[in-house]
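Each chain gets a letter, A, B, C, D and E, in the order it is written, and its residues are counted from 1.
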């Protein structure tokens, strides 16, 4: 039952969320509010249910019970533009091994209907982001022929190329060197300042990234 | 040219190693010595060539030039028992999604000819390692149904189940929670104390793990 | 109407269904056994022997063949209906029902094929002929096996349920298409030169009807038994299952 | 969405052109085996031609299914697509791309196989070849559509390329029957409009329900 | 080594018992497509039987091959195996396991398909069935061996590596021709010893070089 009128919160709001995996309840009647202009850190031990919760918030995993709202509308509501506003980066990087970096990135960028760049502008933007990430000049390298960290960087480049209002990032700092961690933290802060909502997990403390809210998931 | 008699070093010794990837020389005439009872930390930015070097040391990637010796014998020498002595954990976890944790682990353990445990002993040992790692009781869970960190823990469990003299670990701390990082550091120290050689990479500083040697790979 | 809806919703509760079927099952089994004994007596001893084409005793196969062939199709339709209920009304018990019907339905299909070809050897002189009915029965078996195989290849039960239910629904849309295609296809190439089925001797009718009823009941009984096991399996964690398990074990101790 | 996805599939396919060539090669090899295995006589081959070519087409479409969906699932791209568009849309785009990249080449290649199987033996005109192509044009999209449903259902299932074949081959049978008999009718100088109409009807039915069913299945697989 | 690997393959297979059943079901289903496509008449089917059954066996072996090697490669298990044993040994164990798990069941199932394809139509004895089984016993291991070489070469999926997989399918053709013609000879009441001997010779040759070649290829793929 989606009682649309009840929800007064902007941003992402999860109401009475119950999620289970392998017949094991991971989350029970949880309430979670990710307001605009905040960075939320999701922590918990291995297997606590962070990834599961994120997939549920991203609408990929059906909840057993409860509802997720984006700007007061249920995310499954036909008028909700949640999926336009969301970038979800998961453990898997969602890139094609057979395509080059530039091809992979421009594919996702052009799937966003809001993007109205022409081809050349997009290529330029891609080049400049890759440059910032220290993999400039590798635009035409196959994705499979990159090191683990370089592959991860390519996935992160999407954050700069696609307009969004909420980022859900599952362990975005994994495999990255120190410089790139700094870069990502900086970008997350800038995104927040522009009114963006960020939810991320990490097993390491990221000193560069001040967080506004910290949510723990616990295994009983 | 394998000049066996020349090498006077015990442990792993790489002589005049030249390695390239995508027509780009990553390592040129490098010398590297990993003595017994040492822990070596391999560092470098993303894409510097750490993984490439490790695969080369593990004998999986042919070097352009140079030779790798294990206890004074080239690792490709028929009498070398390097491959009996080595555990190499790579970015990919080498586990079957369709098998349970216990089945995956006992497969690798029983491939080691030196292991002479009977089945029951092996199962007991597996259970106790998994318990230490906080995933006790999940022996019969399919590998695919684990969280990212839990999958990583299973791969690490191999270190405890197979006898070895050298560990080459590519980013072993990734995706692990704090407790498990402590566990791994402890085990690496114990291994070193028993004469083991450890080579590992990590982009985060692991405070619990004192290192004996630090090798940097650099991209020009 | 409202009453019917409430009944429907109550059936959706695993606990309620488990208790009710527990009450019904003994009666169903009793009726099945009685009808089976009577039906088998009639069909194996008391029925006349078909003299046409020198079949003799092989005609007795009919009393198993016809009911199992009929059931094989009814069962698939029932499975598809349960699948729709599960997907549309999100009623989890319905998935347990599809899962319980599938193997029993597949067994019926196999039985129909097996008895059919055993019967075919003495009457037509061949184990197999690409006749429309036989062929669509074979395809039905493949559909069942596909359902079972698909369900078994998931480790996550709720995914397995939903995916295989979609398959069951797609399959049921295709069954009439398959049947008519096959019929059309075979008659194009050759007529029914083998045997004309049809006008059944009334002497065969009574035992056949008894056997039909018996096989239907047997089918229902088997499905319900599987369903109960399935419900327990799926609700291991709930309190009533624990209580039930304790109750039965306590009873077991007493006896 | 459809155009972007199509462009990407084309790019992947160009990179991995062998992956595309293999089903085609398979198509040719399966067909050209029959002269060896059965008999090289033209009349015999001609009689077998419709069936053999159709079975080969069906099998090669099946072969390509796996590669077409599985990789998007494994590397997480499917998940991203579902986030950005409706499941039915994602399924429809994949199906269209699949047909353009494997169904269409089969259709284009079929006259060659007609020659191999002596389909025009004893006649001057090439009507039979046209009928063969027409039947494939109408039939192969249905195969794609049904295959997509099967494939999306098996994505999350433990890895097994052949499972999907078992699920959908029974569904393929009607298409196969009418596809092959269209050509057979033409060979026997009978009318084949009826068969073609039925193939068209199959196509319409599956066009309506398959993208939806496949989309639902994709959503379940990812969940 | 061989035993351990075999045991693991058996475990994967048992866990995934469906995985074992599926190539078999595929085999049956492919064969049963031909009556639909060609004709349900017994004499026609009988004539087609050797070719069709052999093609189906080949396809089902070929398709299961993919799954058999690819998964070990993708999850890195192959790399670990190569670290612990000689490449030839690894290849030989995989090949043996593959044959036991897919080739052997095909052979055992083939009489059933003989019935479906009316192979004994018009005769009282069942010699044809025996010849069919014999040809498969000699032929399927060769298919496994050749397939293993092709598969290991194509694992790394680098572009020129894939080219080789096109070369392996033509290598199958001689086996297929002699396999099918053994049975055809029997159907025509001719001697088939010659064909069987050639199948045996193929087996011996591949037995000698394939595990070695496949091992080398595995090593290259992993590098």
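The rule is short, and it goes like this: a residue touches a chain if its C-beta (ideal position, glycine included) is under 8 Å from a C-beta of that chain, and two chains touch if they have at least 3 such contacts.
Treat the numbers as computed from the prediction; the structure is a model and nothing was measured.
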- request: Moving only from a chain to one it touches, give the least number of moves from subunit A to subunit C.
  value: 1
- line: The pair of chains with the most residue-pair contacts is D-E
Query: Relative to subunit B, which chain has the most distant C-alpha mean position?
result: C
- prompt: So how far apart, in whole Å, are subunit C and subunit E when each is placed at the average of its C-alpha atoms?
  reply: 36
Query: What is the distance in Å between the mean C-alpha positions of subunit A and subunit B?
result: 32
Field: Multi-chain contact residues (two or more partners), subunit B
entry: 97-98, 144-145
Query: Out of subunit C, which residues touch more than one other chain, so two or more?
result: 142, 145, 149, 153, 155-156, 182, 185
- prompt: In subunit D, which residues are in touch with two or more of the other chains?
  reply: 15-16, 158-160, 163, 166, 169-170, 173, 177, 223
Statement: Listed in rising order, the residues of subunit A that touch subunit D in the complex are 58-62, 83, 86, 88, 90-99, 103, 107-108, 110-112, 142
Contact footprint of subunit A on subunit C as seen in their complex: 156-157, 236-237
Field: In the complex, subunit D residues that touch subunit C
entry: 149-150, 153-154, 156-158, 160, 163, 166-167, 169-171, 173-174, 177-178, 181, 202, 209, 213, 216-217, 220-221, 223
Field: Residue ranges of subunit C in contact with subunit E within the complex
entry: 126-131, 135, 138, 142, 145, 149, 152-153, 182, 185-186, 189-190
Message: For a test of understanding, state which residues of subunit B touch subunit C in their complex under the given definition.
response: 142, 144-145
